[in-house]
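Next, two complexes with chain A in common: one pairs it with chain B, the other with chain C.
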Partner chain A sequence: MSLLLQNALVWHILLGLGGICFFVAVLVGLTRTNKNQKFLKISSLLGLLSFVGSWIIGGYYYVVYYGSVVKPIIKGGAYPWAHNILMESKEHIFLFLPFLGAIVFLAIWLGEGRFNKPVGALSLLIVIFGIAITFMGMAVSGAVR
Partner chain B sequence: MENNNNSKNNEVGAPSNGMKSKILHSFVISAVITVIFIVVVTIAAELTPPLKDFLKTVFYHHWIGKGIVSLGIFAIIGVLCLIFPLGKKDYWISFWIWMLAIAALIGSLAITGFFIYEALIK
Partner chain C sequence: MNWHTFLIIAHIIGISLGVGGVTISDLNFFKILKRGKISEDTLGLLKTLSFAIWIGLIILVLSGFGFLILLRLTRPELGILYNPKLWAKLTITAIVLFNGLIMHWKVFPLLESSVGKPLNSPEFSKKAWIAFTTGAISFISWYSALILGAWRTDLSYFTIFGVYLVLVAGAIIVMNIIGRYLIKRLEKI
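Take a look at the complex of A and B:
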């Protein structure tokens, strides 16, 4: 794997984890009695940007390297279900995240604190999806070895 | 409960609270449709190889195709909803945000369930 692809994989993971952390921050911020709108706005913006960055960089790695090199190894190995179930689910559920993140961002920036409950629920779902996708990614990586 | 107080938005070019609500309402509806589209196109492309091939041909990779078409749907439907006279009441905006969460939850289960079925049961 080239240095560019190694960097793409690392940044895909780092930005994905960063996005999860920022939406955890949004979730925690929404549960506080005295809500700090500036903190919520910055966290939701950074969370959205992190997911968009992870989407683009991870997509580059997936299309250029994973499909042609990693996928055949997994499908020909002892754990083909790691690709057939986990990777297929992960790559498609990941497509939800930028849109869910965009709505949390818009609701916080434009809603002015009027939609805290549904936005909190949506942030929680983003965090759950993010953690599930992280574990799926770890399992897929483990299946290559 | 509609907030019509525009006093905080006196800056030149800043959208009014009514306009902010309408933008939010429009793009939440658009996001619900986009999430449903992602689920449908993901399953349909696996069941209909010509659709997957079409996405590969046009966008180089089916996954890139799904992403770009989803972005297009999100943008176009969001803008179209802005044109139509949607309500600006907070109740309906909350309703659609809840619908988005429910659609994403059911959609994720549908996608995972479909790939489990395809890999282990079919």
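Take a look at the complex of A and C:
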């Protein structure tokens, strides 16, 4: 794997984790009695940017390297389900995660505290999906033997 | 300093903040119950500790994944990503996260509404079990993560997680008994 692809993989993971952390921050911010709108706005913005960054870099890694090199190894190895089930699920969840992030971002920036409950529910969904696809990514990566 | 050393230091800082924060938080919470009321200062201290625990969790997660990336890229033959202990630690970390969110959602508002009031009120007594339960889960989870990080073991995922669940159940029972006893004691004073 080239240095560029190694960096792409590292940043895809770090930005994805960063996105989850920022949406956790949104959730924590929403539980406060006196909600700090500035904190919520910045956290949702950084969360969205992290997911978009992870999306673009992960997409590049997938198209350039995963599909042609990693996928055949996994499918021919002892854990073909890692691709057939986990990677397929991960791809689809990952596709709409930035859109969910964008909805939270817009609701916080334009709603000025009017949509706290749905924003909280959506942020929780983002965190749950984010953790799930992180675990799926690990299982897929571990299947390359 | 190489990446491995940097990540070890970060991981230790993360776990120290978490274990230290949760220990002081739980001790302070029992102190509050013994005293029978919560002041603005004590609530402020609990919030600061909570912030430190969140920071610890973020550092722990990022450094932990840093380790995984480093080992995956430099020593893939280790097969670290299918290690049962790693998955047990990840599950416990996820529990810490969701437990923390429940604390912020339920426990902090309860404490905020109780500032300056006697804690043997029916309102506090009714909801106190959430604080005892989340406190117990937090305490056992952080210490489990610490022990699993240091312990070289080949135990299976289900053995590790089974022991963890037994410990969590025990801690929830003990914390609720002690907490209830302290609230009842307040009624007699």
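Definition applied: the second predicted complex is superposed on the first by the 145 of 145 C-alpha atoms of A that agree within 3 Å, B and C clash if a C-alpha of one lies under 4 Å from a C-alpha of the other, contacts with A are read in each partner's own complex, and residues count from 1 in each chain.
Note that a residue touches a chain if its C-beta (ideal position, glycine included) is under 8 Å from a C-beta of that chain, and two chains touch if they have at least 3 such contacts.
For clarity, every value in this text was computed on a predicted model and none was experimentally measured.
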(request) Could you classify chain B and chain C on chain A, in the superposed arrangement, as clash or fit? (result) fit
(message) By the touch definition at the top of the document, which applies to A:L5: first (chain B), second (chain C), both, or neither?
(response) neither
(request) Based on the superposed arrangement, let me know which partner A:I131 touches: chain B (first), chain C (second), both, or neither? (result) second
(message) In the overlaid three-chain picture, which partner chain does A:V28 touch, first (chain B) or second (chain C), both, or neither?
(response) second
(message) A:I42 in the overlay: touching chain B, chain C, both, or neither? Say first, second, both or neither.
(response) neither
(message) Let me test your reading of the model: by the given contact rule, A:S89 touches which partner, first (chain B), second (chain C), both or neither?
(response) first
(request) Between chain B and chain C, pick out the one touching the greater number of residues of chain A. (result) B
(message) Output check: A:I13 vs chain B and chain C. Expected answer is one of first, second, both, neither. What do you get?
(response) second
(message) Considering the aligned complexes, could you tell me the closest Cα pair distance between chain B and chain C in angstrom?
(response) 18
(message) Output the chain A positions appearing in both contact lists, the one against chain B and the one against chain C.
(response) none
(request) Under the touch definition given earlier, write down the residues of chain C that touch chain A in their complex. (result) 54, 58, 61-62, 65, 68-69, 72-73, 76, 79-82, 90, 94, 97, 100-101, 104-105, 108-109, 112
(request) Spell out the part of chain B that touches chain A in their complex, as residue ranges. (result) 1, 3, 8, 15, 17, 20-21, 23-24, 27-28, 31, 34-35, 38, 42, 60-61, 63-64, 66-67, 70, 74, 90, 93-94, 97-98, 100-101, 104-105, 107-108, 111-112, 115-116, 118-120
(request) Note which residues of chain A are touching chain C in the complex, please. (result) 1, 6, 9-10, 13-14, 17, 21, 24, 27-28, 31-33, 124, 127, 131, 135, 138-139, 141-142, 144-145
(request) Could you pull out which chain A residues touch chain B in their complex? (result) 55, 59, 62-63, 67, 80-81, 84-85, 88-89, 91-93, 95-96, 99-100, 102-103, 106-107, 110-112, 114-115, 117-119, 121-122, 125, 129
